[in-house]
Structure formats: C-alpha cells, structure tokens
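Here it is: the structure, laid out below.
Chain naming follows the written order as A, B, C and D, and within any one chain the residues start at number 1.
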Amino acid sequence: MNSINIGMIGYKFMGKAHSHAYRDLPMFFPKSIRPEMKVICGRNPEAVAEAASQFGWEEHTTDWKELLKRDDIDLIDINAPSDAHKEIAMEAAKAGKHIFCEKPLALTLDDSREMLAAVEAAGVKHMVGFNYRFAPAVMLAKKLIDEGRLGDIYHFRAWFLQDWIMDPDFPLVWRLQKEVAGSGSHGDLGAHLIDMAHYLVGDMTEVIGMSETFIKERPIPEEMTGLSATSSKSSEKGPVTVDDATLFLARFSNGALGSFEATRFAAGHRSTNSFEINGSKGSVIFDFERMNELQVYFTDDKEDVQGFRRVLATDAAHAYSEAWWPAGHTIGYEHTFIHSFVELMDAFREDRQPVPNFVDGVKCQQVLEAVDLSIEKRQWIQISDL
Amino acid sequence: MNSINIGMIGYKFMGKAHSHAYRDLPMFFPKSIRPEMKVICGRNPEAVAEAASQFGWEEHTTDWKELLKRDDIDLIDINAPSDAHKEIAMEAAKAGKHIFCEKPLALTLDDSREMLAAVEAAGVKHMVGFNYRFAPAVMLAKKLIDEGRLGDIYHFRAWFLQDWIMDPDFPLVWRLQKEVAGSGSHGDLGAHLIDMAHYLVGDMTEVIGMSETFIKERPIPEEMTGLSATSSKSSEKGPVTVDDATLFLARFSNGALGSFEATRFAAGHRSTNSFEINGSKGSVIFDFERMNELQVYFTDDKEDVQGFRRVLATDAAHAYSEAWWPAGHTIGYEHTFIHSFVELMDAFREDRQPVPNFVDGVKCQQVLEAVDLSIEKRQWIQISDL
Amino acid sequence: MNSINIGMIGYKFMGKAHSHAYRDLPMFFPKSIRPEMKVICGRNPEAVAEAASQFGWEEHTTDWKELLKRDDIDLIDINAPSDAHKEIAMEAAKAGKHIFCEKPLALTLDDSREMLAAVEAAGVKHMVGFNYRFAPAVMLAKKLIDEGRLGDIYHFRAWFLQDWIMDPDFPLVWRLQKEVAGSGSHGDLGAHLIDMAHYLVGDMTEVIGMSETFIKERPIPEEMTGLSATSSKSSEKGPVTVDDATLFLARFSNGALGSFEATRFAAGHRSTNSFEINGSKGSVIFDFERMNELQVYFTDDKEDVQGFRRVLATDAAHAYSEAWWPAGHTIGYEHTFIHSFVELMDAFREDRQPVPNFVDGVKCQQVLEAVDLSIEKRQWIQISDL
Amino acid sequence: MNSINIGMIGYKFMGKAHSHAYRDLPMFFPKSIRPEMKVICGRNPEAVAEAASQFGWEEHTTDWKELLKRDDIDLIDINAPSDAHKEIAMEAAKAGKHIFCEKPLALTLDDSREMLAAVEAAGVKHMVGFNYRFAPAVMLAKKLIDEGRLGDIYHFRAWFLQDWIMDPDFPLVWRLQKEVAGSGSHGDLGAHLIDMAHYLVGDMTEVIGMSETFIKERPIPEEMTGLSATSSKSSEKGPVTVDDATLFLARFSNGALGSFEATRFAAGHRSTNSFEINGSKGSVIFDFERMNELQVYFTDDKEDVQGFRRVLATDAAHAYSEAWWPAGHTIGYEHTFIHSFVELMDAFREDRQPVPNFVDGVKCQQVLEAVDLSIEKRQWIQISDL
C-alpha cells in the first residue's frame, strides 16, 4: 500500500487545515504512505467547488452518502460541524471506510460510544483530531514522562484561554449554540486539555466543575462562515446556550491532582493553550502561543544552576524535526495536523490503530460529560460512574 | 504623635523581616510616624538576646506577659508560630495594645473571630500581615481595577507554587504539624492568594476544594529553627498532618470565577506567588518571583499593537516609588514589609484602622475553613454558612 | 496573466523551502498569480529527480543552460551555492527570464553590480531572497516606522547568533570555504541584518568592523549535503577561510547609530536573528526564534502602564494574517518564503519590480564589502566610496 | 578591629544608597566588621543636616577638609559629583584615610592614575563603586567562568540602555555637562559595562567607538538636585556637552570579541544593564531589570533538553543568599551596595585590598579614554598605548 484515498467532509477552518496537511505531507515525509486528495464534500455547491480548487482536491460533491458508496475512497475525514459527526461516522463505518474524525467525536458520551462500537465492529481504522499532541514540544514532554525523567507526577494544571467572543456584539455563531456545538469553551477548548491530560498523565478518577455564560444574549447573525459571521447591531438577539468558561478539578488514577480552565473571556489571550506538569524529578511547561518551546526543569541539576530551561524543540533530537528546517527555525500551528496525518499513515503501514483514536475520543467525552454532570449536581462525579 | 513604641514577639524568619522593615522605614519614609524598636521577645534567652543585638532592638525579654504590662509599649507585633497568635493577641487587646499580627490570624475561624471581637472591644488598631498587597506592582493592579480600567472582572486565577519540601527526607518541621501550623500549603500559601483575591476582586460566595499530602511520613528533626531543621537519615519518622497541596474553585459575589492552587510540590518553583485577572476591558498578570513587574493588557489598545505590556512598577507613577531608587532600579521581598508598616503608621497618623486588618484576617480564615469543610464533605460550601 | 512558470536551480535547503512556498501559495493566496512548478535543476541527476518527485516539480534537469532556452519558463529561481549565482543570473537575464535569486546576490560587490546591470538591461523582474522581511511581526515594525509611530530613529542594534559549528570536529563544509561561500557569518547571517537595517531604518553612511575565525582548521568532509556533511575524525584537516563572527558599527543617513553582530559561536542560540530599534516615540524588538511576536513600546502610553507589549502578529490587523489561521495560531519559518513569493507574484500582476530586488541585493553587498574593507584597513569606510 | 568609622562626602542618590547599605549591613552580616556611620558631609548645611537625620549619621559637616583631620574617622566614602573625586581622594590619602570612591574614579585617566599612586603611596585601602559586580546572579556568572564551566570565552556583548533624558525639554543637569560629569552615557553607563567585562572576561587590547549627542541643546535648570532638576519651558537653553550614546567594539587579551553600547535614548528601557557571554562550553545572560536571574546554557546538557535555564540566584548555593530570605524571595538594587561594603569590611578583616579597587578604576578609565580617543581619531586604539 503506497497511498490512501481520502474523502473529506467539511471545508471551513478545519477543512482547510486538513487539506493543507494532506498537501504538504508527501513533500516533508516522502517515506510515508501518500494521502491522495480525492474528494471534498460540503453542503454549499459553489463553496465546496471553490474549496476543491483552492485546496487541491480532485473532485467535489455535496452528497456525503454518495461519497461513502465509492469504492475508490479508503478514508473519510469528518470535519463538518460537531452535530454531524455521529451520523456520518456511523454510516462510514458501515461502509467499511477508515475514519479520521475531528474532535469532539460527538455531542454526547452515548453517541461517542456508539461510534466507537461501530468502528470496532467494522474493523476499520479510526483516529480523532487531537492535534496538539503532535507539537514536537508536547511530544518532548511525553518522552520525558515516559522515560521517568519527571518522576512521579504530582500536578497537572492546564488552561486554554481565548478572547475572541468578549465583545457582547459578537454574533450568535453556531459555536455558541448548544444544539450544534454540544458545548462552548468546555467542549471546544477544554476537550483539548482533557486529551492532553490523558496523553501525558493518564486517566482521571473524579472531577468537579463550575461554568458560566457571561454574555447571555447575542445578536443573531444573518450569515455564518467558520469562526466569523456577519450581523447588524440592530439585529434580533438570541440566547447563548453554551458555556463561556468552564473550570474543573480532577484526581488522576496515579494520585496526581488536576486543575483545568477553559474560557473565551480572557482578554489578551488569543489562544493560550497551556499546561504545566510537576513531578518528583522535574517539571515541564508548555504554551501553544510559543508552541516550539518547552520549559523543562530537573531537580537533579547542579545546585547552583537549577532553573527552567527554555528548550526549542527544533533540534535533531526532537520529534519530526528531521522533516523540517535547521535547528532554531520554528514551525507553526498547521504542522500539528501534518504530524497527525503522519501518525495516521504510519498506522496504515504498520497495520495498527492510530493514536489518538475513538477510544481516546470516548474517554475525553466521558470526562466532559462527568464535568457537566458535576456542575448540574454540584458534587464530585466518579468518572467510572459514566 | 511622632513615634510608636514596638514590642515584637517572635524573632525568626518573620521577626527578621519585620525588624528590618522597622529599621529602614524612617530612612525612606521620613515623614511617616517613626516605629521605635523597643523590645523583642522570644522563648530562648540567648537567641533572643542575639536577635536584639543583630536586628537593633533596644531591649529583649522572654516573658511576653510582662511585655504587655509595660506602659511604654504602644504596639505588639506578633510573629511567633501560628498556634501562639490567639493567646497573645487576646491578652494584648486586653492590655490596650495596638496589634500587628502575622498571618494566619489564628488556627481556626472561631479563634480569629474571638480575636477580632477582642480588638474591637478594646478599641485598638489592628493589622494583619498580608504583605504581598504592598508590592507596587500589586498596588498597580488594584488601582487599575478600582479605576475601572479592567472593566467587569470575569476571572481570577492564582497559584502559589513552592518546592522546598519535595525531598522525602526533608524533616517534619513545625510547619508540617497541624497542631502548630493549623494547615500546610493551604494556610501558609493559599491564605495569601485568598487575601489577594479579597483585595483585588472582592468577596467569594462559595468554594469547593481538594487537597493531598504526597509524602505522608517524614524524619522527626532533632532541632528546628525557622524554615529549616536538622535531622539524620536514621532518625525516626512521624506523620505529616498537614496538606502538601490544596486547590479550590470559587465564585465571587460580582460573578467572577476563581481558581486557586497552593502547593509545596511544584519542582522548579521556589516561590511562584502569581495571579491573573481577566476583565471585560483588560487583564493583569503578576508573579512574585518578578515582583517589580505587572503584565497589563487593554482591549482598547490600537488593534495592530495589542499585547500584554511588561510594566516595571518602579516609575514615579507607581506606589511608594518616590521613596526608592530611579526608575528601573528594582526592590525586593523585604520592601513589602516596609510598605506594610508605612500603612500601619499612616493609620496612626490618620486615626483610622490600617488595611488589611483583623476583619480581613477573619475573612481569609473563613474561606480557608470553608475550603477545608468542602474537602471534608466533598461538596460546595457557601461562605455565608460559616 | 494567471500563472508564472518557474524553473528552479538548486534543490537543497533553500530549494526545499522555495518549493514548499510555491506549492502552498495558491492554496492560501488564491487570488494571487499562480506559480507553476515546471522544472527543477541540479547537478546530481538522481538527487534532482528525487527532489522533483518529492517537492512536486513537473520536470527535472541537470542542464541549467538548456533550461534557460525554454520558452515556457518565465522565471528562474536561483538557489544554488553562492558562487554559482552570478553566472546563472547573467545568462538568465540575457535569455530574458525574470529572476528570483537567493542571497547573497553574489560573492563580490562588482559581481552583484554586473548582475543588477544585466537585469536592468534585460528589462526583467528581479527579486532577492531576504525572506525575513516577510515575517508579519517584522512587517508590523516596518508599518510602525513608516507611519511615524516610533518617531525619529536613534538606534538600530541587531544580532544573528547561531551555534551550529561550535564543535571543532564539525567538518569543513562549503559554507566554511571562502571561494564557494564568499564569507562566513558575515555574508550568511550579517547580510540578513544589513538588509533588515536597510528595510527598516534606511541607508548607512559609514561602517567599521571586526571579525574572527575561532576554529582555524577543520576536518575535510568526505561528502557534503546542504548544511550537514559526513566526516571521520581521522580525516585530514583543512583551513577555515571564512569568518566565524563579524561585528560592526555603523552610522545611518538619518543620524541613527547601528550595531551589528553575526556569529556562529553563540552557545545556546540555534538561530537568534534579532533586532531592536529605538526611536523618539517608541521602540520595537524582534527575535526570529519567536517570529510571531514583536515587542512594542510607546513613549506616550499612560504613565502608570508603560512597558513593552508582546504583540502576537497573528491578528486580522497584521500582514498576511487573513490567509492563515485564527488569531493566536502561529506560523513558522517557511511562511516567510510564501510571503516573499506573494510579493513576487503581486509585482507581476501590478507590473512593477518586486521588493526587495537586486538593488537591495547590491546595497547589502556594498555594506558587506565596506565592512570587509574596514576590517582589512582597520579604519572607518564610507559606504559611498565603494 | 570590630568596626570602621566612616566619614561620607555626598548625600544625594549615591549618598542615600551608601547610607542604607551601611545601616543594613550589621543586621544581615552580623559577623562582618561593623561600619559606623559617624559623619556625613555636604555643601548645603540644611540639606546635609536633614540627610544626617534621615539616613542615621551621628554627625554632619560642610567642611570635608576638617573631616579628613579627625582621628576617629577610618574611611572616607566619596560620592560627591564626579569632578570632586580627585581632590578629595588625594587629600584623604594624604591624611592616611582608607577610601571608598564612587565611579567614575576621576574625570581623566591621568587623574585616576594620580589617585591610584596616592593611595598606594599612603598604604591605605581603596575601593571603587562598581556595585553591579555584587548582584548574586553576576557573581554566579563569575563563578561559572572561573570554574571553567563556560569554557573559552568567544563573545562578550553588553548594553546599558536608559531613557530618562529622551524628552528634549529635560533640563541640562550636571550629568549632561562635561566639566562636571566627565562624559555622558559613556562614563555613567558604559563604565559599568567595562568594569563588568574586566571582571568577567579580562583585559581588552584594543577598541574603536562611536558616539552621538541626539539633543544638542537643553533648558538650563534653575535648581538641581540629584538626578532631577526644575526648569521652566521659557528658560534659556545651553549646549549638551556630553554624549547621549556611545558604542564600541573591543578585542580581549584572551581572544574574545566585545561589543558595548551605552545610551540614554532607548525608549522603554528604564535601566537595562545587560550582558551576554558565549563560551565554548556555555553561555550566560544577565539583565539588571531582572537582577535576581541569570540565564545559563551548557553545551553538554542532554541533547533533547538543551536550552537556556532561568536560574533565580536566591538559592543557598548562591553568593550572599544565606544573609537574605528563603529561595525565591528576591532582593533589589540596594543590596548590591550592601554586598560591596561586605567585601570592603572583609578586606579590613583579612588585611588585603578590597576588589574592585582603584586599580580597577584606573583600568576602566583607561578603556573609557581609549574609546574617546578612538572616536576623536576615528581609528582603533591600543589600550596599552594609553
């Protein structure tokens, strides 16, 4: 097998990021299986045609069900709005297609479990889009932990801070509507933190959270596209049905304590996706706004020169670096998607499930829902109870 | 009134910091009422005599009750171990002495309330040692909030991270014994965060927390002094009866969400006492390890140059700066105490209560205890229920 | 005109960067004229064939002279080793081809002037590869200066610090041989600083410099490829004939003072390409290792909140940002090339010379050579004397 | 000998800093010889009386010659304006007094040499006020170099950037008058960089510089005091006779290259006194605005975790730290003076010359003057020629 034919459903923000990653992958990872950009699919025929041309897809369609019927399509990439994930994934699995699904896997834990059951029953490969795992600096953190170089983990604290909807006149886009988006900051941003915690520290046993919607009504937009929208100030208002911010505390199976915060109301933070881990032998700090860097501390450094090191994860010793530029020449957001797909292609070559996959998607959904339940019931929730 | 005669009880870490502050105050704040370093008091006669000589006190004694009887003493400064605060403060109030008491005010909320009642009944001035309020950068944050320059406050997140007891062989000093210290990281570090929250954001309505003691047994030290102690590895072990780390979530009366974390197990953090506040018009970030700096962000900055500013709070426009050095010449930890005592002396001149005082001490204790209760009961606790 | 057919000569580090930029440009700048990746050319037939396949070129060849004869090639991209630039460019101009030439334009000022004369005589478009101009954060600095928001410029200081050849056993690659590379840190790194100075501050009037070769002999490599090489420790040594570090002082026509430092012996600096500019109304600081950020200071900020702002140049207000990701989602090194080619394509559409072009290349070479002369003669050199 | 009786001449900015240091020293360094604050001397009788009272001096006088005659004075501390240093020092030496002299030692190299000859002839102890050597983070840099942990030194680059006279209406204070101050940024700020270079890297062999006065005329102040002054906008203007900025390049005896920049026109820099040193085994970076920190890099760190460490020089392993607060509790500008005087007192106890002393003052003056000469002659100047 030298190539995988892709049918992609979705063509907005994530569709663009995925397309670019498929497009760049063969150039920088020439030994990888090659993703072939066969068909792009979307509801608006003009827009999807334009996307196909711009992004470099061979064909385009508005009918995803027809797409699933094609024998020449190996993998379905789902990055349509969140409420569409489940139906498409279930059908794709039925059709025997391998699946890459953007996060969140589904709007509910039950749905995500059905999806997992479906892909497992179908025996297809499945992956979920937790792209931040694939920043080389994050992979360095993972390596340090796996090699025991941070010792026993005591603390994981993570925060994903944005400020793009702080203006009360920012319109009521789909991401602010529960029926489409599932949740707000929690599912959009918090989900990434939860997956990062699972990846780096392991499973959680219990959680308790709190959330708030600071701006309770917003102008209904006349038209929506991706993250933005157009609206006139005179336009009618509608209720915001998702959270603007969600925080929670957690305990991990290994005894570590966790603190999580996701908000879209942190002025000055465009996209501060950050975590810190403290272990018995050292600590690491990551901030996605400086995604090429990992701050690293070791307790056994010589006593007069102890301090956090600013490691630029662009050296030969760092993951994926050989594919890119000389040391010190940084990469950006889009590279996390390229690396994700390298993992996906490697899984095909090695005939194994890629990681993270639907199992990780379900686990993330489980914690998201446990936090929601803890907010509703105002008490600690055991993850295993869900 | 041109001077205030001080009798100070305690002579270790805090005693040294206070002594220095009294000593330096008249030189840098010559218009202030002058604190006269009359008598220092401690249990060990040789040690207190040495401290008196080294720190510059006129007299020394081992009998604090006798000290309270002296007519020439106006103010009692209590910085003995936490379990001694209450008895001394109650007696001092009875003796009509003004009181400066180190935090925590007492080991329990009830005790602190008794102390507050006593000083109010006695009609004396009372202050509590929340010194971090007096860093000029923190006072700048307060000013920005008070002047509405951050708008409505949405988020307060704070963390006080240290790593001085991470070694499992670090001995069981008094700060790790509940009966002396009251609590561990929670009362020692968390108390400062709580006071900062009260100072900058206001009252909390409800909290829920979680805590852990990572190292459950430690060597019993042969001798203790201040923060350190001596012990042989062969020495007997005893149980650590306080928390190594405590985290909690909170809601504020004004609708803001709070996140707090205090730990002594954050490798690489010698004393990261930090907070961030996000408001509708801007944000501020403070880290005590860079105590002369405040990161400040305003949403109404011109759109192409928005970003956190690193403000060095040493300009003429900043609190207390005229007393110190030219702009850019930084001050240190000890200056927070000098500024605290300037406030105390100002309160004498203006015949008002200094701030923060026992009311703030009680409020801090109330939140500390509410968090403890929330941990015990595993549920949200209303502050007003205590 | 909707597309430009490219013939590219060179396929190593720069060839890869250019190829990727051509490949990505149409996807992110769909309204731009489209660069068509027609032919890639190199000396090693197997290697260039592999590059063609990997990078996405339609054809490949080892004969650049034949390439120049093809009618279907509009533009020649020269990124072969520096000593080959002149001959190719002269021939390409003669053949009426538009030219993009990597820096340094040539090994000597005379050569670069001949090249400029040739392209001007031929009436073709010409551009030179000073890619760092095209980081959005750098373009923000340019905008602030052009709009007078920094006032009169007093200081420009710049340093390009690397550490990739500090190991004395690092082999004698072509970049360390004067006859191929022209110079060492001076022409490789310093050239970028000089162009940045020209771009942001303007012309210089006089310079004086100093340089050093710290490691005077190195192992002769058995085989070379791009930046790296293979060598055995037992291998013969040869003399390093270029500078390891070159520093110089300069005066600008507008009265500003300049300080420049280029070195490959700054341990810990993988690629710190940094400048600071101080003007009467403000300052900016840039560091390529954090290329998405510009530190900006304004003297007229309110007096209590003055400080350098960390501006993340990923907002809608910043150059090229609309083509990329949401605010806070950073881009990398390779994007500077994409933006360079957008400028090149825009120049075609608008029928003007792109900027920077051979005029800028000559000016850079003039300063490089003036510095060399100042080192040789140990005295200040007037730029206008060259 | 348990104490040294001080007579101090000068009572403005430096007088205050010195007084405070003498005042604090015995408390934090109780084992040190005790500096006794005997007599303070200044020209204005009211002002010096007030200073005596405020700073804690036993007596005050306006007659420095009478002061020199007193048998009970052991050491003369000279921090009067620079043009008064020589006469006082010469007389003090004649009177057999030990001398602490603020930098610059004198206005000319010849004068400084006379002063050195005088103290050597008199056989007294002499010290010069290069206080920045005494920041614990700087002392850590010194230790790393002395222990060979940075290897051979390749680069020293240093910059002292301020912005306090950027306003063209800032008055013509004494520091802007050559006859009183000797020079501007060069002698005031550059002198500190030069001494730092001597301390950390060693002697220089040759220099070449450049300087500029950006604002050539300023309002003549009606009254002057310390750094500030009062003036009305209508007041007459006078010529600025010192440099606003001076830069120079240097070679060190050990082969290292040096780059120096001192300016008072770097907007946003209140007092950025910074250096970086690159050696074959590592690098260090210091910035006085974060004076408790040293950035440290080692080439032999494990390859996947190489990066500059932010070392907070407040640990037990760092110089002077035992005298101060727990790790992570920072100190400020004034502590550099306290540490300077600890060195001075240690020299008395150990009966040796303190370091830095007049020899260092002369060496600094030699480089300052060599740079001036290089500017005048527009050519490299050998240090040994002066």
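The rule we apply is simple: a contact is a pair of C-beta atoms (placed from the backbone, for glycine too) under 8 Å apart; a residue touches a chain by one contact, two chains touch by 3 or more.
Chain by chain, the UniProt names read as follows: A, B, C, D = Oxidoreductase.
Predicted model, so just to flag it, every value in this text is computed and none were measured.
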{"item": "Selected pair, greater C-beta contact count between C-D and B-C", "value": "C-D"}
{"item": "Of all other chains, the one whose Cα centre sits farthest from chain C", "value": "B"}
{"item": "Euclidean distance of C-alpha centroids - chain B vs chain C, Å", "value": "54"}
{"item": "Chain B and chain D, separation of their C-alpha mean positions in angstrom", "value": "35"}
{"item": "Averaged-CA centre spacing for the pair chain D and chain C, given as whole angstrom", "value": "41"}
{"item": "Residues of chain C engaged with two or more neighbouring chains", "value": "269, 306-308, 312, 315"}
{"item": "Residues of chain C touching chain A in the complex", "value": "13, 17, 19-20, 23-24, 26-28, 30, 53-56, 162, 164, 227, 269-272, 288-292, 312, 314-315, 325-335"}
{"item": "Residue ranges of chain B in contact with chain A within the complex", "value": "154-155, 157, 159, 161, 163, 166, 208-210, 212, 214, 245, 247-249, 251, 255, 257, 259, 261, 263, 265-269, 276, 278-283, 297, 299, 306-308, 378-380"}
{"item": "Chain C-touching residues of chain B, taken from the complex the two chains share", "value": "140, 143-144, 296, 298, 301, 303-312, 315-318"}
